[in-house]
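Both of the next two complexes hold chain A, though its partner changes from chain B to chain C.
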Partner chain A sequence: MKILTRVEEFILLAVMHLKDDAYSLPIQKKISEISGENWSLGTIYAPLERLEKKKYLESYLSETTPERGGRQKRIYRVTRDGIKKLKKTQEAHNQMWEDISEPELKVKRT
Partner chain B sequence: MRKPPQILELILKGFLRYDDQEAFLGDFEERYTDTVNERGIFAGILWYLVQAIISVPRIIKNNYKRGTAMLKNYLKITSRNILKYRSFSFINISGLALGISCCLLILIYVMDELSYDRYHEKAENIYRIVTEGLISGTPLNAATTPVPAGPAITADFPEVLDYVRFFQDGCSVKYGEKIFDESDFCYADNSVFDIFSFELILGDRETALKVPYTLVITEEMAEKYFGDKDPIGESLRIDNNDDYTVTGIIRKPPVNSHFSFDILASFDTLYDLGTAKADFWGQISYYTYILIEDDADYLELNNKLIDASKRNYAKLMEMVPGAEVKNYLQPLTSIHLHSNLMGEAGTNSSIGFVYAFSTIAFFILVIACINFMNLTTARSANRAKEIGLRKVMGAYRSQLTKQFLGESVIFSLLSIPIALLIVNLAHPLFNNLTGKELEFAFTEMPGVIIALAVIIFFVGVISGSYPAVYLSGFKPVKTIKGELQQGAKHSVFRNILVVSQLTISVFLIIGSFIILDQLNYLKNKDLGFDREKLLVMRFREGTDRSRVESLKTEIRNLSSVSNVSVSSAIPASGFVMIDGFFPEGVSDNQSILMQRVFVDEDYVDTFGVEIIHGRGFNTEMGSDFDNTLLINEFAVKDFGWDEPVGKKIGEFASRELDRRNREVIGVVKDFHVLSLYDAMQPMTIALDWFDMRYITAKISTDDTQGLLRSITTIWEDMLPDQEFRNYFLDEFYNRSYTSEEKLSRIFRVFTGLSVIIGCLGLFGLASFTAEQRTKEIGIRKTLGSSLSAIINLLVRDYLMLVIFANIIAWPAGYFLMKTWLNSFPYQTSINAGVFITALLITASIAILTVSYQTLKVAFSNPVNALRYE
Partner chain C sequence: MKSKKKISPPKAANWILSGFFSISERELIISDLEEQFIELAGNLGKNKAALWYWDQVFKAVKGRLFNKFLWSFEMIRNYMKIAVRNILKNKAYSLINISGLALGLASCVLVMLYIDYEKSTDEFHKNFDTIFRIDRKELSKNGWKPWVDVSGQTGEWMAQDYPEIRAFTRVKSLPFYNFKVSFRNNYIKESLIEAVDPSYFDIFTFPMIRGSKETALAEPNSVLMTEDFAQRLFNKEEPMGKIITISSEQEDRVIEYDLKVTGILENIPENSHSSVTLVVPLEFAERVYFENGVENDFYGSNGFVTYVLLNEHRSGVQLENKMDDFVSRRFGEDKVGIKVFTLKHLGKIYSFGTTEYKMTMFSIIALIILMVACINYMNLSTARSFSRAREIGIRKVVGAGKLQLIVQFIGEAIVFAFIGLAAAYILAQVLLPVFNVILQKNISITFENTSGILLQTIIMAMAAGIISGIYPAVFLSNFKPVKALKGNLKIERKRFSFRNILVVFQYSVSIFFIISSLVMNKQFNFFTTKELGFNTDNILVVKLDSAKPLDFMENLKSGLVSDREIESVSYATSIPYESFRRLPKDPRLNVKNFLARAYGVPIIYCDSDYLRILGIDIENGSDFSPGEPSNNYGSLVINNAALYLLGENDPIIPGRQINLKIEENRFRDFIVQGITGDIYFTVRYFDVEPVLFSIASPGQKINYNYILVKTRTGITDEAAAMVNRTISEISPEAVFECSFFDEEVNATYKRDSRWKQIFGIISGIALFITSLGMIGMSTYSCEQRISEVGIRKVLGGTVPGIIGLLSRQFLLLVATANVIAIPLSIFYMRNYLNSFAYQTNIGIETIATGIFISIILTLFTIFIQITRAAFSDPVKTLRYE
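Right, the complex of A and B next:
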């Protein structure tokens, strides 16, 4: 029983956030914004593909838009499996954080 | 709305899977548009470019992952195989590399030979007019024409655009105190600049050679005579008679030209000097080249020329009854390799050489390739187990095929850089061998390298196809059980390859022996005179008789000189005058052509010519002068005379001497006045002073340097206006066979190399077979087989192959070399020894190469042999 990696988790969450506009560019933007790091498109494509293969994501091609030179978008949606997996990952997270109190997280001065 | 650059989009598109293209490109384009809007077009393009570049490796990896998963393994196995069998790899690759480098070297040589005269812009439209005919039954085949041929042909045929005539004439050139003999002195029409592409560095190409007594000289000559001074307008004194003005500087013709010159003088000078007459068709000594129109048909023109010749030579033919002379054309670019006429402007090569060398190159490449294939297939039989295992682990047959083909192609291609390195290192040696100054610029011959790479690629494919196609087809169980380990049983193909390789070696050995034989025969054949210790000096024709006579006396007085003779021709010089004669009772109306030599009384003694009948010239009486003749044995036989002494021979009257009879007083043993390229001809030797040009001293000392010094002093004293030119006759004679010598050297070197390459192959094969039979030999030894029986067993097979190859090569070698020999009037006989030697050489080399491995196996302890599983 594996949990998701951080990248996978972020991508799935971003897709859920973006709803009908969930395709590669906004996903990348969203993650970059939240994490404060500049994620390149390339780092998005591979996990997107992997997640789709694992059936946590599904995708379809949208209608064309003029700002893309008349090209279609690949829009992603999180599947039920994907949502379950996200939940599981969150639980694992929470358990890991449990019992760690605020004071312990303070950086000690030496 | 901007579109991203098409080219970048195409790059991305090329690497993307079809079903992804739309979405991916859309993403990129959208981002591109955003970037352009935010930060401008330049940043947009830059971003797209960077994206395109960094995406490519990932995309490739994703798309071809299947095919490349095993690639690393294949490469690893290949390199392990090379390293594991180091000596085998070394033999294999170096053998192929050696073969390729030989082939490349010869190819460069051949390409140089084929490049002659092609640097002229109009080379394809330039033709040389030459003269063919029959005068008094003697064929005439001259590279030259009479003076009016060029102008007449240009005037008669509209398709002929222009002509240029050359007249080669060695002469002495004097500037101030400097005096040199220039042998590459040429007279030429001004049109030389229009027809040929010689570069005029200084001077006006329209007028440089228009006026009589003007000349253009090469840079080297300008340096030699004038040093740093501006040569234009300076004058040079030619033959101590006339002053010529320098009007231009010309670049010396490249080495790959069939003729060369250092100085070009205006052709019209010859009219002024009276040497040439504009309408005289009887003096055939001028080179004529014509330029024809692009669309003119040269063969048609040739036919027209033959018709026109009847008209042009009508007068001449009237004068000499029975004579028939006509002109025809030779393409400029064919002269160097196809023309071998009388009076060629330089020593031409022959297409035969080109064929011979190309054949050798081809043979060597074949040998090297055969080796490679043999060794690779032999070695790959050992890998049946690997193939079996790979199949068990799920390899497709197609993957195995790719693996083995790829491996042997990599292996074979490794030889190319090594070959290029060898060529680079060996090229000074090769230049030495061929006597050429060849450059090895591979960048200038990409075609050759590509062709070679293709050949080697196919060699790799063929060598790899045995394991790739044959072995990969077996059931894995069988191969793992070791049932298929022995490739040796399928060796018919391999034996055929070895035999053909040996056959080529044997053929080359036979060839080089026969060439060497012939060369030695030519050099050592008794020429009918004693050519040792003869110092030949050349003075200018027309020098005062009294001055030459006193020079002769001075030289004769030196203690280390035993004899001196002045003559118009000397033996083995390759030059002699030919004239028509009327021997008594043989022909009264039609002249017979005979070689004619004018000599003084000392000729016979100086050259050691033997008088076999009658007497020589009598020094004391003085009565022999002007009215007596010696003839050679050949003439006696030719004329069918029983008693030659006392017969009269009439002389042809067109010369300055009137036609009159001279009496034969003696017969000399045949001696060769030309070289052994020319058959013996009837000859007359007359005591007379005419056309004298050689003074020859028979010397009786070993201190040639000292002697030369004293003669130089005498010469400078007596003939100060002439350069002292001299040579030793035996050295000069040996030099006349340089082309055979070159052929022989090249043949020997490449025969040696082909044998070495062949040896490498045999060695590798023998070690392989011996290894394969380790177990068999172990068992034989355990059961009591003797050492000699085992060696015999292993060597016998190879000996059979050697003998078989010899049997094939002998007749081929005999007939081909016989054909070559037939081009010489004097040829050595081919004896059986050559063939036996070839057999012995190949057999002993084969035994030596295989015995090392064989002995190693034969001496080894059978326990080790049997335990190796």
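Right, the complex of A and C next:
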């Protein structure tokens, strides 16, 4: 069973955070904010599409809003499969981190 | 948002974006970008935000383009790579294909150059679109005869009757065939002087260097000449207003006219259908005709080439429909259906020796040759398809569709065709001089005319590529990938496969051309060597520049005869194939020959040695008596064709006295002394023309132009030099030309030999391409059957047996081709021969030679491959199975 990639994980988590406002731009912003790196729009379009194809995300078109010049936006939502997948990934993470004590992570000078 | 003014991203950028994305995609992307843009604009300012926006759009579009085109481009690059690799991998096959296509395309390029040259003949005239020539057809016993001239009134009447005609002009040549144009001591020999209406220069816009079109033909003795001609006649002197003299020597007098130069024309482009050098007004021609009694009714007789200028191009067709009406009104009801006028547009009038028929023939032949080359490609690529089977299998497995494969293989054929086209241009450049000599044209490959035909040739190469590629493409793309990859793809041999049909077609074409050119050759030889009726060997012809009287000739003759190398000498007013003095038309004479009826019966005044030197046998009666000329005065020798001159039921016998009209209103009695066999003194398109030979008394004041010198041994350049020397010693002032008689006679038939040469070359090319294909096919076939040969040898097959077995299939194809081509060529050659009055038969030997050449050549081309296969070591060949 495959686990999610870091990008996919980040996007799914961002979508969960943003709830009803989860469309392309805020997602990009959120991720950039947290990771501290500038993620361009282009870099998240492709994983968004991929996740939707894998049925971890679903999307619908919102009502038109004035701030987008009367245009629609595509709002994403994480599916149950998506949530399961996130949990699996988290477990895997935890297992990997288990038994690694704080002192071991200290960077030693050589 | 933050700013009160509404900020929006650059419209142009959005417009570009919308061009690359579908509506649903576009909405989202633009809205995302816009939102970000507005935010950025708030932070960084509008300009920077716009810059950013453009950058985003650019990136998006770039990605799109990459996906859309780069992959298809990659694919094409891959096809090209495979094509080039294939060309390089199978060098022999590629060479066969490319050289075949190059030859085929080179033929097309040459024909296109030729047609382009002919089509552009008279385009320089401003009125090109609306100039038409009035042509005439008359029904006679032998069917319709076309003429390019009409009577003098026709143009005038037509212009009166039809308002569509804005102007007309008539062109008539003066009745001199060889004349001198002289200015002071300088003179030029010319053969054509044309008389025209003043409107000539309104209709045809020949640029004039000196003089104006309004005044140039105003006076009856004006003359215009081309720049070149003026240069030759006047050197650097001013030509305008100078008086020049035109003089024509008849046998017993000299006609002379003075003309005043009133204009100089720019040189006429050489592919113009009009070949004017000297132009005079029609009034002058009328005077010349009248004063020399050539025709009584000047404007009533034919001989006027008439052009009309119409108001618009399409009036030409409309006017033609009214011509029956015109004939009945102007020529009488009884002429309707016998006399037909047609209008020919200037663009359809080609330079000398070219007809629409000939151009169509050339085009068809070039296309057939190209087709033969395309067939080579088809056959070789399908025959070799097994070597591509793996590639096709892999492509199909990886996901190539059938259509993609078809495109790939057609593309490959087009690559071949274009390499062929490049080679064809080089070949055409090399072959052009030969082509020009055969056609008697001066076509060159220049930037202008090649750019004119470049597009056509590219289309032609494309078409050739598609035609030759489509069959292999469909054939190859049909392979089943599983079988193809397993490598046990065997192409079954069918007796009547499409490939065999194509080979039969190629051979049929070649055999057809071979037999045709053999028949043409035979007819030509029949024409030139066999039935002349006189001998041309060891005879030198001396043409005097001006005709000389009897005593001068006698003096020259005795001087020449004293030379030991010279057997005999004769002088005469004419020799075969030169122009003749002709008796005026005489209603009492029964003349059937076309030429003699049109121009009068030819009469040659000569001395008593003339017939003997030419080796003309007297069949009935006797030759002129040698020695004292006075014994022969008033006696006549006639040829066989003149036998019924006095009437159908009244053959002339030796000793008979006949009365002939020797000039207008002058008659003389002659006694027929001898009758010769059939001798052709004039061109042999028609039946034998009657010719009369007579020895003139000094009182007749006949002047002579020609001397025939028969040498003892073969004539050489030294003999000619000696004759030259002797004549110069005897009469230093004489101007003359000396030539070999047989060469002179052969030159007369040069034009007829052109078709023969062209067909010879064509059959050579067709045969060459076909043989190339055959080499390829036999190579392939032997490769395919090598293990069969091995097994046969192991089981006791002999080498000759195997050679026979392998060649059988090819010989069968050639035999089939013969069966198809022979009836076809017999049919067409019958038609060809029927165009000659004196024709040879096709002959069994011609057809046998055709069969022989095709079979021997086939055996020769397949021989190497087949013997190699037959002698192959079964141990080696069978090991692979």
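Please note the rule applied: the second predicted complex is superposed on the first by the 110 of 110 C-alpha atoms of A that agree within 3 Å, B and C clash if a C-alpha of one lies under 4 Å from a C-alpha of the other, contacts with A are read in each partner's own complex, and residues count from 1 in each chain.
Everything below uses one rule, namely that a contact is a pair of C-beta atoms (placed from the backbone, for glycine too) under 8 Å apart; a residue touches a chain by one contact, two chains touch by 3 or more.
As the structure is a prediction and not an experimental result, all values here were calculated from the model.
When the shared chain is aligned, no partner comes close enough to touch A:G36: not chain B, not chain C. Once the two complexes are laid over each other on the shared chain, residue contacts for A:K73 go to chain B and to chain C alike.
Legend: residue contacts after superposition of the two complexes on their common chain; A:P103 is shown touching neither chain B nor chain C. Touch criterion met: A:S24 reaches chain B and chain C at once.
In the superposition on chain A, A:A46 contacts chain B only, with no contact to chain C.
If you count the residues of chain A touched by chain B and by chain C, you find the higher number for B.
Under the contact criterion defined above, the residues of chain A that touch both chain B in one complex and chain C in the other are 23-25, 41-42, 67-69, 71-74. By the touch criterion given at the top, residues 23-25, 41-42, 67-69, 71-74 of chain A touch chain C in their complex. Against chain A, in their complex, chain B makes its touches with residues 1, 3, 22-31, 33, 51, 54-55, 58.
On chain C, the positions that touch chain A within their shared complex are 1, 8, 27-28, 30-36, 56, 59-60, 63. The touching residues of chain A, counted against chain B in their complex, run 23-25, 40-42, 45-46, 61, 66-69, 71-74.
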